[in-house]
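Each of the next two complexes has chain A plus one other chain: chain B in the first, chain C in the second.
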Partner chain A sequence: MNNIFKGSISKFLLATILVASNSSTFAAINVLACEPEWAALAKQLGGNHVVVNSATTALQDPHHIQARPRLISKARRADMLICSGAELEIGWLPILLKKSGNAKIQSQAIGHIMTADHVELLGKLEKVSRSMGDVHAAGNPHVHLDPRRMVLIADLVTQRLAQIDPDNSESYRNNNQSFKSDMTAMLERMKATVESLRNKRWVVHHNNWIYLNDWLGLQQIATLEPKPGVPPTTKHLAKLVSSLNENPVRAIAYGSYQPKKAANWLGKKTNTSVLALQYTVIDWEKPNAIVSWYESLITSLANALVP
Partner chain B sequence: MKLHYQVACIATLCIFTSNVFAKEQQSNKFNPQLSVILDGRYASYDNDPEEYELPGFSLGGEAELPEEGFSLGHVELSASAEVDDKFHGKLTVAIAEHDGETEVELEEAYIETLGLGNGFTARAGRFFPSIGRVNGQHNHAWDFIDAPLVYQGLWGAKYIDDGLRLSFVAPTDIFLEVGIEGLAGSGFPAGGERSDGIGSKVLFLNLGDDFNISSSWQVGLSYHQADVIDRESGGHGHGGDEGEEEIPAFSGDSKTIGLNAVYKWSPNGNPKNRHFILQAEYFQRDEDGEVILEGSDPLEATSINGDQSGFYVQGIYKFAPHWRAGIRFDRLDSDNTGSDIDVLEEAGLLNEGIKPTRYSVMTEWVPSEFSRIRLQYSRDESSENEESQWFLQFTTSLGAHGAHIF
Partner chain C sequence: MEFSILLPAFAAGIVVLLSHVPLGREVLTRGIIFIDLAIAQFAGLGLIAANYFGFEAHGLEIQFFALLGALLGAILLSVTERFLADYQEAGIGILFVLAATASLLLIANNPHGGEQLQNLLVGQILWVEWVQLIPAMIIGLIILFMSISYSNLFKTKWFYLLFAVAITQSVQLVGVYLVFATLIIPALASLKLNKEKQIFFPIAFGIASYAIGLIMSSVFDLPSGAVIVWVMALLSLAWMCNPLKKQTKDSS
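Let's look at the complex of A and B:
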């Protein structure tokens, strides 16, 4: 009697959890990505074996979101966490990790990937002071803007997926191979365009394009923010007007989540074209989202920067 | 895995041929994270703040007005670290000046599990029990200079206790958290003598989700129960005739239920430039026991059947990247009865026909996450001595500054 009772209770609980967790495939690996680019990568490599969620959209500033209840419940169920790291998510990710009660994604676990921990970083600072604005001592965290670093990260994610889900490791490796050949093919096709961008001068809103500069050889002359994370001030913009009038640049760019007001104002004052750039992958659920995004990034840069 | 690929080198883009972009070593993070919160303030009142009272409520803990004139508020020193891969530890010491004396108070000292698994988290030590939203925040993270009236009246501004918390987050799409706390019962409102076992316990439940990418909500329910022994609190202010003060002390059973809700909105989920927060909390307390007036001769005592409740509603709007403004409405209500009304009156536990009420507005300039200057005005109708209160507060944060909870 007692056992029957216990049995039906546990069945009921199991059913509740199954219904509530609402995952399409029960055995799928649940991945929580902090930013859309890592969601795209997880989807690319995991294919049908993963269920991916992104904590932010392309319209959100990943430095400054809130540790919302929905995100805690997503972290609770994740088998893998992929973030940029290097303090980018410091304002909210620690809360998700602590509150999730999930051992699989804690800092020492296989399911914990901070991509910036695994590639060479640019913009490391010897001395950090708060007066410098929103800077990251460990280096600039926006590593996804360089395909060379992206493929290294893809290898790492593939390896970790295979460790977490050995049954499908073959599939993850194949997906990684085709991802890399697609990338190579695209870069081969865009070779002339890529080379035309070398040494082109531009101004950006926030200093989150340095890996793109490094990859394409672009010259970033200034940022609209006087200091990282500090919104543009009239004083700083006025200074930029005079320096840009003396030494013109090809374009002023802002990212998808950044305000366009300052860029437009400066563009008008200095007669420079203004460029809205996709800082990250928008439709990360689409196949080949990353390669297509790099391609459109190169194309829009070339349209704006190359005469 | 060695990262070598035999892929054609594309002119300037030898993308897969070497691992020069791979990182050799992880950087050492400074351990532990240290932070200091400095809090300076200026306060102006119509009445003597020492005479402040909330008729029908016992003022315990740190329930009092900020000192008049210039003063130092709550200076917090805090150290936290991931002790190893299993535990996280935190220590917060608050330094405050009371009546010209510098007091050091241990606010938090706990260890907490990191990913115990299956949604469970355990915390042990001294911490802020999960009775409501404001209680979970450090004083520097409050949206106004002072705690809501219902916290002043029922929780001594802030409820701190020693014990153990076990919480569980359910594996559901919607955020569902339940938890239980067993506490020593050493702080107001449990207060007085520390129980040798569990003197106080808390049950809590939180539920939350997004409406869409721009807006999210959370509601919480809490239940607090304490076996109270000799809980002292501020009395009616006028003390004994010859300056000999009689201090009311309550012993008995105390039960409180709490309800809280918050709604947050920001354009596309970006709270950096514009952010709106609507928040409310309600508490209702039932107490049964005895109140004595310590220091009275002969000893005066009464039974008490207390019913005290209150709520606040506040709205905070960040209308520009560095500017926030907020309004808050507070109201309390009490109905305490007992065998000796005179003793209850002397203990400040009769409501005198007043429902303490307060209206507050504030605006603040926040140059960065690490500094803030706040101006606040409150119209306080807590007692028959209604008054206007003005506050100026400057808060800065030095060192590491951890993430804030939702």
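Let's look at the complex of A and C:
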């Protein structure tokens, strides 16, 4: 009995060691992304020269995560870290960086990219007070929803990859070129659809679509949350019902990781269609994930907003 | 596997066990299982109230206001114990919802502050840093020592104060679920043992649960706190159904 017990323990430990060592593949560059959109971008630009991991999935709220051992070991191994920044990950990224003890991804290092630091931000605030809700003083961090900003970030990531891994810099530049031409081709193909969305009125759950509004010229009439991060209140919803009945909108949208109850409730009360939108790239490991995601985003928006 | 990732978490588990095993035994004896949730809620309320009245708490101030809230909770609990006597569990439940909803009312227009403040008080075991363990270690050793040398103290109202201090600390280290499990499960598994084994057996049992739980969470890449809770529960179930144990009991 004792021997069997001992045997199973050593087998278990052996299995543990095997599983753990198996996960560290020998590839040139390890990239840790905070959100799937940046994982998709890293994969797109790095191709076979990078191993990419994402700390969150498309169905998780990037504001909060549950700590797992492998997340810390991924941070320890990472050569590059790509996150949104602008305080989006403030609840967990600082402690993850500290726990990693990895100089290559600390702020100021080449391998540390906070994308929001490198593009023009919307929704910047002169003064932030707590009464405004969950707002970010630095500006709205959800920059990936604008392809124009996405290609600027792609240039930056390409440049940093080339700095970290000069041997493959040619390949990174080529990948970036083909990414950008795919994007241009898609936008050209969808030009009529994109145009048709201009000035369409919609209501969203949380104020994380402002870059999409900026790009497509959508008119966001209201948010279901009275203030960012505050769950919809009865008073606010009642006000929305009367204003939408007077001045209808095309659709009420919520992101894939957000609750749908309030949107459905308001949709029924005001006879407005309700739209679940892919807030970010779901299958980020697939080739051309970003461009196809933009395309499906525009398509489902057009289906809902254009008569 | 990188043991250096798991090591601080494992140490946190041991430190939490030192105080929670003796406290948990008393909690079981008194039949006040949910007291830790109420105390943790009061600690959060303390911080939120301080913020509401204009204190932007940082560092040690956070600990101060949280402890203040927890101690207020402890005092109220000893009051309800006096007036409700046999219905103390109901008193705990009522104080819990009052503290929780008082926080909700205070942060009704202040989500940024509220959510982040509450997060400050609910830790995740993997984020533990070595320096955090020092105060928790001191508190743990003091409580363990008192439970052995001054066990009568645990039968008085002072129990609530000791409990408040320990819980405010441990919730920040390992989170509410693990605190609850560490308090109740090892104590429950060792109920039938004779008195001198009732401290060290559950501590050893708890240490084994934390070790196995952390290793499994690393192997299967799952959130560590949740895995440890399940390992602890399943191990105690196995222990309580263990036929070997019955034999030794019969023969003694």
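In the analysis below, the second predicted complex is superposed on the first by the 277 of 307 C-alpha atoms of A that agree within 3 Å, B and C clash if a C-alpha of one lies under 4 Å from a C-alpha of the other, contacts with A are read in each partner's own complex, and residues count from 1 in each chain.
Everything that follows uses one rule, which is that a contact is a pair of C-beta atoms (placed from the backbone, for glycine too) under 8 Å apart; a residue touches a chain by one contact, two chains touch by 3 or more.
In this text the structure is predicted, and so the values were computed from the model without any measurement.
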| query | Is A:Leu240 touching the first partner chain B, the second partner chain C, both, or neither of them? | reply | neither
| Touching A:Gln66 in the superposition: chain B (first), chain C (second), both, neither? | both
| query | Regarding the shared-chain residue A:Ala289, is it in contact with chain B (first), chain C (second), both, or neither? | reply | neither
| message | With both complexes overlaid on chain A, does A:Ile105 touch chain B (first), chain C (second), both or neither? | response | first
| message | Once the two complexes are aligned on chain A, which partner has more residues of chain A within touching range, chain B or chain C? | response | B
| Regarding the shared-chain residue A:Ala33, is it in contact with chain B (first), chain C (second), both, or neither? | neither
| message | By the touch definition at the top of the document, which applies to A:Gln159: first (chain B), second (chain C), both, or neither? | response | first
| message | Just to be sure I read the superposition right, which of the two partners does A:Thr57 touch: chain B = first, chain C = second, or both, or neither? | response | first
| Doubly contacted residues of chain A, that is, touched by chain B and again by chain C | 17, 20, 64, 66-70, 72-73, 76, 91-92, 95, 98-99, 130, 230
| note | Per the touch rule, the chain C residues reaching chain A in their complex are 1-2, 5-6, 109-113, 115-116, 119, 124-127, 129, 214-215, 217-219, 221-226
| message | Help me check something: in the complex, which residues belonging to chain A touch chain C? | response | 15-17, 19-20, 64, 66-70, 72-73, 76, 91-92, 95, 98-99, 130-135, 227-230
| said: Show me the residue ranges of chain A that touch chain B in the complex, using the header's touch definition. | reply: 17, 20-22, 56-57, 59-61, 63-70, 72-73, 76-77, 90-95, 97-109, 117-121, 130, 138, 146-149, 151-152, 155, 159, 180, 183-184, 187-188, 191, 194-195, 198, 215, 217, 230-231, 257, 259
| query | For chain B, which residues are in contact with chain A within the complex? | reply | 1, 3, 5, 7-8, 10-13, 15-16, 19-23, 26-27, 82, 85, 88, 112-121, 167-177, 206-210, 213, 216-218, 264, 268-273, 321, 368-370, 402-406
